[in-house]
Amino acid sequence: MSTTEFDLESKRLHIKEPETRFDRQGDLTDDERVTKAMAHFAKNFGTTAAAYLDACVHCGMCAEACHYYVATGDPKYTPIWKLEPFKQAYKREAGPLAPLFRMLGLKKKVTIEQLEEWQHLLYDSCTVCGRCSLICPMGIDIAALIGMARHGMFKAGLIPHELHAVAERAHVDGSPLGVTPKSFEDRVEWMGDEHDVKMNIDQDQADVLAVMSSIEIQKYPEAMAATAKILNAMGESWTFRTDGFEATNFGMMSGNTDWQKETSMRIIDAAIKVGAKMVLLPECGHAYMALRWMGANIYGKPLPFKVQHVSEYLADALNSGKLKVKNVDKSVAFHDPCQVSRRGGATQAPRDILKHLGVDHREMENGGDYNWCCGGGGGVVTINRANELRYKVFELKMEQVEATEADALLSSCANCRQTFDDGQEHFDWKYTAESLLELVAENLEEDDA
Amino acid sequence: MKDILTLGEILQARGVSRRGFLKYCSATASLLALPPALVPQIANALEQARRPSVIWLSFQECTGCTESLTRSSSPTVEGLIFDSISLDYHHTLQAAAGEAAEAARHAAMEENKGNYLVLVDGSIPLGNPGYSTIAGMSNLDMLMETVEGAAAVVAIGSCAAFGGIPGANPNPTGAVSVRDLVKDKPVINVPGCPPIPMVITGVLAQFLTFGQLPELDRHGRPMAFFGQTIHDRCYRRPFYEQGKFAETFDDEGARKGWCLFKLGCKGPITYNACATMKWNDGTSFPIEAGHPCLGCSEPGFWDKGGFYNAVSTGDVGSGKAFAGAAVAGVAMGAAAAAMARARQKKTMKEA
Amino acid sequence: MDLLEFARGPALQVALYIFIAGSLWRVFGVLMLQRKPDHSEARKSGGMGGALKVIYTRAFTAPAFKKATIYPKVLGYALHVGFFAVVFLFIPHVVFFKGLFGVSWPGLPNNVIYFIGVITVGLGIAILIRRLTNPVLKLISNFDDYFSWFVTLLPLVTGLIIPIRFGIRYETLLAIHILSIALLLIWFPFGKLAHTYFVFISRGTTGATLERRGAKT
Amino acid sequence: MSNIDPVSSPIPYTRGNIEPILHEVIHALDRLLETDEPTVIDLASLPFAPGELDQLEEYLGTGELTAELNALGRSRIRETIYPGVWWLEHRNTEGDIVGRYIEITRAPAILMSQDADIGAGRALLGDKLENADPGNDNGADNEPRPN
């Protein structure tokens, strides 16, 4: 798949590094990989995916919505092109004309080379941000299809190593970053002491089950304190649970539906066990997609509790007057996590919160639902070989933020924040993405609490 | 050709002046749709032309073509031409009957062997020779016997030219056209139901004037008369372009003389001279009288759907067939989906 | 049977049957695949409303994407409008549809239609040039794209030739025009022209999903 | 004649088919002046709406000169109000119109006496002179016409 190409631009004449690198997991033969991929692609072909794939007119407009295409100008990053093998499988396996295509030999099985080449396109260069889904004149939810295509890639053992590694770790340890029930408990206690906040853990009964992202637990532990502080101030009966603390879902991001289910079920089971009326999701984008919108479908029936992103919870609390905050005198730009805002529908919540905080909120150009992704979503931030590309698309994000000339940058997703941190370091950038939750927690009007 | 006089000699003998002859020649040029500049050549040619012998055979026909020809006011230009041809056999027009008539036909064939013209109106039944006979002779036999020594054959009217109404579906007599049978002689088709009389005489004039056959289109029709569509020469054509149509026979558009396309006018696909030559000595033609063209000079005009169906409508078949196609489509869709579901299960098992 | 008889008779009939059967095959083949209910708690009710909303709103470009897509959008829309105007407002076509459906509507003068037709063919050519030169389109285009382009433009071109004639007989040109339409009808359900149906299902599905999430549609 | 109107109301027709003919006439007049080349327009080959031909005739009007020819039926040869533009109408002996032309020329050729006719006339005159009774003055009044 990599042809010999000379890099004439460089000072020293040398053979161009092949652009696509791919990883393999397991020791399946090529044929087995193809068979697995085809089967697990095909599994997704219900009416929804079929209508999407049959509606495409190859207009190419989705390219203009994709940060990878806009940043590089490389046509292979056209979102619908990333689905080419998936589409091919559809036409061969499940499309209305599939029997005809198979009979006439018009649509072949995908090849191992194709799958290998597309690993880069389905993982390294897609954050499943869903911007393309909004530009598509045919209304195709391309991002949803990418999620489906990853199912086949995972089963074929053809996903980036690092993503596989964290997903596997989440499967084995319960957390992608190696947080165990014990270490979680320790860190919760530590934060309780550190911030002098009453922490509830492993209560038998609670109205609210609070869950956290490993990224927060390991990297931004203040989020735990802030969450507790808010819930205490609200007078909620709430708890953390060591048998259901992890909000991230790397099964979903990597494309392993079994692991996705396993991860979601831990939270669902814990919530049911404590009789929770609500599961409070942390500042994490894809956790919202995984539980809020996919959770019930994994469970197979409506969930017996509400699911809220912490920004929604805060907005409700502030809007109803149950929670009061002090005025914060600075200008801020807010970065919408794709899965919460664009894909999740909670775009208004952070804006309500910012209004209550009295900050000078500078909306980014094409912010909110049309926001540029930070470039780290969909598991991309874990993939080392994707770094260079990720920095390229991050430049789009930086421009968008800089144009606001705000004092501070806020977000409500730990994964976005760590992507910002990485970009900040790489570019020696002036902005640090801060937590919206923590800003609220820091400015609570204590007398009302 | 014996002692036959030239046309010039005939006219001279009748005391027709040269001016009169020139006037006649320019009328002939006009008839043949030749440019007026050719009048001197026509005059030259006609002066030298000799009376040809003509045998007219009538088969499965309604005599409308003969009526058309004879009802043109006489003596006219056409009359002059008929004066200058020798109509040796026409069983409707000739005085002789029975054996005498047949004898006249045989005599004409003998005397003018290789030079006479055969004019045919009516189609020829192949189903059963008894369907149409003359003097006990089947139409087929008479036609084949007569054309044997002919210089050319002119099929007059749509029946002779294309089978016409006798040949219309289901064609009970097995009627065929002259061209279907006569392969080794030139056959000129002068279709129409009936043809414009001036077109009939025009074809004869052409033969008379230049002694050769006119240029024909793919249906064997002289280009001079059948080179353009009624639609292209129709005075109502501007209404077509403007999108002004009569929707019914008694609406505003019909009263205003708008285009009859929507009422089924076959003008766009009909090649004939009606729109310019018109009928009844240039009085009018069907469209001018407010009726759409039936397309009578086209092959199979009787079977081309309804006279009042617009040219652009298609024969889209029956509702049943549509329903059948719809049911088949849904069934195939359901089958394809069922196959896809089964295959999803199967491949998952294999994987 | 001459060419015109064949074209407007059996050819058009068979093409219409294939068109109808093929369209239903394609649509039902998709609709009857597995469908999973969405159990998530809707933020907003009225998925059907969302579906209808997006079927309408996705006809327009969000301001964020306007600049980047204005050229292909204008081209695309103009092609559709031109094509529909020629197909449905040319009076001989209106008469054809009246014969088919029994209902009639006003049309436009021929010269207006010829003008629109020429413009539409021009747009079609511009669209093809874009497909052949734009790197994204070049990459993602396949046989379907080019063939669908061809069969769509063909009836326009064969139709526009009729008044010009080029010395060819009217009925021959009309027959060719009808045959080109038959080709379009036959290809229609099997290629990407079927987006005519799927655009509604696709937009509707996305609209219903995003609406119940309360997300931007 | 096309004065039989198929529809009762007068035709509110434009100059539809007339205008192009008038343009052709103007071009023909230019040609006549520049190169002396005459033009004949055969009206039988052109499509006319009911009444249009009459409109055209009326439009061209009647000029200074009108001649009547009596040969194989009557013909009227009339200069229109536009000098050099002639309206010719040939009828047969039955009085039916057999040809209608607009000629753009100094004088239509049909007006010229033809050599053959001149010869025949000359012969007739010669015969007459030879056989004439010199005392009879009325002979000229009874002279038969060539046809």
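Labels for the chains are A, B, C and D, by order of writing; each one numbers its residues from 1.
FYI, a residue touches a chain if its C-beta (ideal position, glycine included) is under 8 Å from a C-beta of that chain, and two chains touch if they have at least 3 such contacts.
This structure is a prediction, so every number in the text was calculated from the model and none was measured.
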Shared interface partners, meaning chains that touch subunit A and subunit C: B
Distance-to-centre winner among chains (Cα means, whole assembly as reference): C
Chain pair that, of all pairs, has the most C-beta pairs in contact: A-C
Between subunit D and subunit A, distance of the C-alpha-averaged centres to the nearest whole Å: 96
Distance between chain centroids, defined by C-alpha means - subunit A, subunit B (Å): 79
Chain centre separation (subunit B, subunit C; CA means) in Å: 43
Between subunit C and subunit D, centroid-to-centroid distance (C-alpha), Å: 61
For subunit B, residues contacting two or more additional chains: 332-333, 336-337, 340, 344
Where subunit C touches two or more other chains at once, by residue number: 25-34
Touching pairs among all chains present in the structure: A-B, A-C, B-C, B-D
Residue ranges of subunit A in contact with subunit C within the complex: 45-48, 50-52, 54-61, 63-65, 69, 73, 75-76, 78, 80-81, 84, 94-97, 133-141, 292-297, 299-303, 306-307, 341-347, 366, 368-370
Touch list for subunit B against partner subunit A, complex: 332-333, 336-337, 339-340, 343-344, 347-348, 350-351
Contacting residues of subunit D [partner subunit B, same complex]: 1-2, 4, 6-7, 9, 11-14, 16-17, 40, 42, 44-50, 52, 69, 71-73, 75, 90, 92-94, 96-99, 101, 109-110, 113-117, 120, 146-147
Subunit C residues touching subunit A - in the complex, by the definition given at the top: 25-36, 38-41, 43, 54-55, 58-59, 61-65, 68-69, 72-73, 76, 134-142, 144-145, 190, 192, 194-195, 198-199, 201-207, 209-210, 213-216
Residues of subunit A defined as touching subunit B within the complex: 35-36, 38-40, 42-43, 45, 93-99, 155
